[in-house]
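What follows is a pair of complexes built around subunit A, which joins subunit B in one and subunit C in the other.
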Partner chain A sequence: MIHAGNVNAPDEELAMHYAREFYGRRGESHRLWIVARDAISELDDPDLLKPPFDRSHKKPGGYIIKHKLEAAKARAASEAGE
Partner chain B sequence: MTVRFVPQLDLAQREALAELLLSLADDEFVIGFWDSEWTGIAPMLEEDVATSSIAQDEIGHAKALYEMLAELTDDDADRIAYGRAAEDFRHAALLNHARRDWAFSVARRYLYETADAVRLTALAASTYEPLAMLAGKMRREETYHLLHADAWLRRLADGAAEPRERLASALRTLWADAQELFAPLDGEAALVRAGVLREPMHALDTEWQGQVRRRLEPITGELPAAAPTADGRTRRTDEFAWLHGEFTSVASSEEAAIW
Partner chain C sequence: MPVASVLQYPWFAMDDADTIQPLNGRPPYAPGDADAFYAHVGSGGKVEADDWMPDDYRAAVLKFVEMHANSELMGVLPERDWIMRAPTLRRKLALTSKIQDEVGHAQLLYRVAEDLGKPRSAMLQDLLDGKTKFHNVFHYPTRSWADVGIIAWLVDAAAIVSQQALRDSSYAPYARTMKKICWEESVHIMHGRDVVLTLMNGTPTQRAMVQEALDRWWGPLMQMHGPPTDPARDKDLHWRIKAKNNEQLRQEFLSIYVPRILELGLRIPDPELRHDETSGRWQYTEPDWAELKAVVTGHGPASEARLGFRRVNFAETQWVRDALLGGATAAA
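For the complex of A and B:
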């Protein structure tokens, strides 16, 4: 689910029509979720979203496995050759 | 026009089929062009995009119908769409009027979409399979057009006195000409016999009136007795002649051009 964008509409019914025309008229959408602005809960506290500690261990790039992978491949090849 | 061989249809039926396809295509083409006159000036930006997109959908339906007709008559879809004189168009008299104000365009769209729904349901059961399939496809998109027109009808009808009166007045003005969406075709009897058309046009008109009177009369008051007439698809107006000049202006600027 990605945020396609927003529309201004006087009610939910026309919001549905406008969302369809803005974000679906070229067949680019499979499904649209249309929510009134005041029904959206916003989370924007930087301490929750970007805490002041290193996060690199939570990203796949935080692990350098290239050499381990090469060693594992070499080991597998030599075991197969025995 | 001369028509191609279609296995299950005789010559009279094929000519009648060509007449039917032309009337359907012209209806979609002309309402598409009238509604595209709102591009840039609709009541709000979102509605501008929606109305323009719906108008394009109608032109898309017209294209599919003109292509089916061109296949049948060994003609060219662009020539049929852009190469005819205004008096050779066969759209219903409902589409002879300029767009006027927003309530007028909403009233026309509502009348058109409800009648088109009745017509497409009948055509989806046609024994002429290519038409039945196309009608089924069109109906999937027109269902949404009808919801959009219906949303606007309610907004205007349930709004303040002025929008409600403008809407009611437009509906009364267009009521008689709307019947012409079911104006009889010359070859209609042949189409009904072959099952290309499930029911005669006047029967579809009765069915449609039964649906919309209940909906419209609370807004308009009692609508007069009305029925399709013989020249319902041949009457033309100066307003349509103007639109015809607009939508043919580019094609006629250089007739030998390949676009």
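For the complex of A and C:
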């Protein structure tokens, strides 16, 4: 699901027709969800969304294993050669 | 299984088009026509929660998803034991995050299961009463910090092999849910591999600790995908609730992870394990299917302790549910 865009319409029924014409007329959409602007709750507090602490442990890129893996493989290879 | 390919983007940026169908003409079978329904799923068609579906199919999806949800919920208990014992602050944070992710997966999956008609409270009660199952690997105790690494790396790897295949499930809400779950599991695998690598680059004692953990976990890991089933009789496969059979998943796991285990200088405790070039398949000692059966029916070494903890916890948190659900009732 992605945000397709906005429409300006006087009522729900027209909003649906506008949405279909704007965002579905080329068959590019499988479904459209049309929600009135005042029904949307917004969260934009950077303290909550981008907290100032390191969150890299929550992402796959937060684990840099390249050098550790090389070291482990080199040790395993040298032990196998002994 | 290209884990790397799913790591590049947040899960929500992935294309949903393959699991969302056009509304016009959907579903392409008449409500009540079970033959047409099974022809639809048999040819790769998807089913949405509000589509008509035969009771057999609904029951099979529910059982499958409920077991998956139970496993996510029970799977955090062995890891929870290690939060306070994790060696550094960063490891504590990573482990806590993993646990938060897994409980989140349980929430997502119970929601999918609820839509199929079984209330969440009934699913939790059945779990506590030992009437429903959870994965074999969560019935075993953890003995050292190396277990945390082996679980996060290899248990999650074995799980993601099957979960990636579930993104092709015929039950579309389940398939979609699996995208977020797979993305997060990829993080857990990196965390686990990092823990194992750090230990392997440490002292001989630390390396021995990893080897000892691998020796204990290898049996349950080989059992985890279940015994080979007769594809003709496997309903879940036939109806494409799952997309690959047990043995395919195990072979896939072995193909990716045996080399990654061996390259670190670890030994795999199975003298029969080898890749047969002629058949292109991994040969291995037959896993102990009797143990698997006993363990998942609640007779594992830690089954009773884990369920006991969950029961105590469930009772202690009753006030939270009362406060939240009671409020909703009063407002309604």
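Keep this in mind: the second predicted complex is superposed on the first by the 64 of 82 C-alpha atoms of A that agree within 3 Å, B and C clash if a C-alpha of one lies under 4 Å from a C-alpha of the other, contacts with A are read in each partner's own complex, and residues count from 1 in each chain.
Going forward, a contact is a pair of C-beta atoms (placed from the backbone, for glycine too) under 8 Å apart; a residue touches a chain by one contact, two chains touch by 3 or more.
From a predicted model like this one, the values you see are computed outputs, not experimental measurements.
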item: Which of subunit B and subunit C A:A72 touches, first, second, both or neither; value: second
item: First, second, both or neither for A:A80, with subunit B first and subunit C second; value: second
item: Contacts of A:H17 with subunit B and subunit C, given as first, second, both or neither; value: first
item: First, second, both or neither for A:K59, with subunit B first and subunit C second; value: second
item: Touching partner for A:I34 - first (subunit B), second (subunit C), both, neither; value: neither
item: Superposition-derived comparison: subunit B or subunit C, residues of subunit A touched; value: C
item: Touching partner for A:V7 - first (subunit B), second (subunit C), both, neither; value: first
item: Which of subunit B and subunit C A:R25 touches, first, second, both or neither; value: first
item: Residues of subunit A that lie at the interface with subunit B and also at the interface with subunit C; value: none
item: In the complex, subunit A residues that touch subunit C; value: 1, 30-31, 57-63, 65, 68-69, 71-73, 75-76, 79-80
item: Residue ranges of subunit B in contact with subunit A within the complex; value: 44-47, 49-50, 53-54, 144, 147-148, 151, 155
item: Contact footprint of subunit B on subunit A as seen in their complex; value: 7-10, 13-14, 17-18, 20-22, 25
item: Contact set on subunit C toward subunit A in their complex; value: 7, 12, 16-17, 20-23, 90, 93-94, 97, 186-187, 190-191, 193-194, 197-198, 200-201, 263-265
